[in-house]
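Labels for the chains are A, B and C, by order of writing; each one numbers its residues from 1.
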Amino acid sequence: MRALLQPHRVVMLVLALALVVWCVLNLRWDWLPKYLPMIGQGIWRTIWILVVTTVLGMALAVPLGLAQAVGPWFLAAPARVFCTVIRGTPLLLQLWLLYFGLGSLFPQFPWIKDSSLWPYLRQAWPYAVLALTLSFAGYEGEVMRGAFKGVQRGQLEAARAMGMPRLTILRRIWLPQALHRALPTLGGEVVLQLKATPLVATITVVDIYSVASRVRQDTFIVYEPLLLLAVVYMAITGLLVLAFRWLEHRVPARVA
Amino acid sequence: MKKTILTVAALLLGTAAVAAPIKVGIAAEPYPPFASPDAAGNWVGWEVDMIGAVCKAAELECVVTPVAWDGIIPSLTGGQIDAIMASMSITEERMQTIDFSDKYYNTPTVIVAAKGAAITPDAEGLKGKIIGVQVSTVHEAYVQAHFAATAAEIKIYQTQDEADQDLAAGRIDATQADSIALDAFLATDAGKACCEVMGAVADDPAILGLGVGVGLRKGEEELKAKFNAGIAKVLADGTYEAISKPYFASSIYGG
Amino acid sequence: MLGIIGATAAASTLDLLAWSPPGWGANLLRGLLNSILIATGAFWLGAAIGICGAYGKLYGGPVLRDLLAVYTTVVRAVPELVLILILYYAGTDAVNQMLVALGYERIQLSGLAAGIGVLGIVQGAYATEVLRGAILAVPAGQIEAARAMGMPPVLLARRITLPAMLSFALPGLANLWLVATKDTALLAVVGFAELTQETRQAAGATKAYFTFFMAAGVLYLAISLGSGLVFGRLEAWARRGQPGVGGASK
């Protein structure tokens, strides 16, 4: 609190507050009540996509990292190629390749169109979730590779000497320590993932970005929805940063 | 050194607006037969030809400038472009933000759906169906006003081309758009294989507008007068017909 | 399974990628050139902003430091797509209003300039952090020694700090360059004719979506693999004469 009370910061805060008041009073916000339900739904969908894809992506990243760190070459090489390809191409392109490219090939095959999966393949969100999950897995696979490698040999050897089965070593010792090491990086990566979510609006998924675009397109008001969008993303980022800080504090520092 | 910096700056910033040619915005998406990119990297189509003809008749120097459709009006008001000739219908709603010249074409609006689908171009016939339309078009407004109550879902696309693609892919049941644009889609292999016209929708001039005009910034009366004169001249001296002939069997100027 | 479907679909449309019309190869390569041009411009603009930002954060007054903190925080919290839209629509408007207020004529920002400006500002925020860390990693003794010899600050930065920090900054900068090349794809959303946009148009016009997106993917991958090699060389060069890291010196 004292950090905020330095004279120059007080002046800056007052200026910032004045700016906010000016924005509220002088910009057009009359569209807000009409779109409020849509905005709420959009925020919810953005967070939903973020949570689902980070969890699924992380679940994929662990084997990817493990394969690259200690796997035999026939597992390590494909994992490595996967990570390189995902990290070497824009997510927007991957998304469009899956949705427009792959999606346009499916209906040519009657057995796909007649299958019980078709009602899902018809919609946009499975492609969005798939693309974002693969992307997160690609980046985190690389992070987890370093994290697995960084765990001290001695600990693993000690566990082995105690006669612990290999899966138990992974579950009890290796994975928790690797995750703990990766935690600070992961916080940043989840924020990057949040920043990637608006791309799904380009394949007709209605997230908060898409709602703001709608407002712009319906009312021709340009700046206000974008401003709101920036504030929403900053708020979510703030919450994520706080959550990860809390997580990092909760894990005892001694294990690392 | 200084000179190179100046040249680079001039290259980057472009020249001052006064001496610059009129930047005519088109939508940066394939919208045949009006405007679409070809393999040589040029924009071709009826509307591109029309831009050339109208500008020539109005004695304006014009450059075709592709911009994203969903940002085309902000681009105009923000000064990135000076006029819009992107098959934009003249509507009351748009008139609140921008100005329009006289119309230069007007065609009916139709619904296209999968071959043999039990769909008619009215609220009852689209009951429980997924309809795809392009964002901020008169068609989107029309579908929202007339079919929202009965349709299962209205999907909004950034380009009509993507809506066509998803119709062919079976992700939507029907799309509504300009009859000429949809005819062009139905003439492609994908379109021929999947879909057919289900009929024209009932007219609603308040939403569907009074034809397509040149979009201009408000208050630029001089430019508007020039465009109007250009359109009138092109219509009068037979250029309009000559340009339309390779594309359309009959005139699309409309009544 | 999906690979087979894709391969059969792609094989029948491969001739669409030919160099001259009716192939769309030239369009894709023109888009690639635009992408590289923007990425290069944005990278250098970002590096320039980054150097100023890093020095400001390290040696600037309290107000400057707080302002820079706001800049880096906001840019790193808001999606690039949103920043691009804000800067693209509001930025040009603001520049023009400023020019008019100062008595100059309105200018028209070309798509290229706007793209470089927008991505450069985004890159600048990340570069500020990378370079700040790198400057801090330069042994303080070297800088103090130069100062003790009476070297003026600009010369000190040019001769000592910047060259010495290069080896620490290069991995981060390499990463930023890759981000820059990939972020150019976002300009497709405002309709700028870079690689992704050209690909989308070619795909839309020919309906061969799978083929074109795959081809663009290969081009992007080639850029990133190629730059990886170049940056590896650069790093080895910047590190010449320094003791090896982690005792693995040759």
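The working rule: contacts are C-beta pairs under 8 Å (C-beta built on N, C-alpha and C of every residue); 3 or more make two chains touch, one makes a residue touch a chain.
Remember, predicted model here, so these are calculated numbers, not experimental data.
Hopping across touching chains, the smallest step count from chain A to chain C is 1. No other pair of chains shares as many C-beta contacts as A-C. Chain centres here are C-alpha means, and the one lying farthest from chain C is B. The geometric centre of chain A is 21 Å away from that of chain C, both derived from CA atoms. The centroid of the Cα atoms in chain A and the matching centroid in chain B are 36 Å apart. Residue positions 100, 104, 202, 222 of chain A are each in touch with at least two other chains. Along chain B, residues 74, 78, 162, 165, 168 each make contact with two or more other chains.
For chain C, residues that reach two or more other chains under the stated contact definition are 85, 89, 189, 207, 209. By the touch criterion stated above, chain C contacts chain B in their complex at residues 21-24, 26-27, 30, 85, 88-89, 92-93, 96, 105-110, 112-113, 116, 189-191, 193, 197, 201-202, 204-205, 207, 209. Listed in rising order, the residues of chain A touching chain B in the complex are 100, 103-104, 106-107, 113, 122-124, 202, 204, 213-214, 216-218, 220, 222. Taken in their complex, chain B has these residues touching chain C: 11-18, 20, 23, 27-30, 32, 36-41, 66-69, 71, 74-75, 78-80, 159, 161-162, 165, 168, 188-190. For chain A in complex with chain C, the touching residues are 6, 8-9, 12, 84-85, 87-94, 96-97, 100-102, 104-105, 108-109, 191, 194-199, 202, 209, 222-223, 226-227, 229-230, 233-234, 237-238.
Looking at the complex, you find that chain B touches chain A at residues 70, 73-74, 77-78, 94, 96-97, 135-136, 155-158, 162, 165-166, 168-171.
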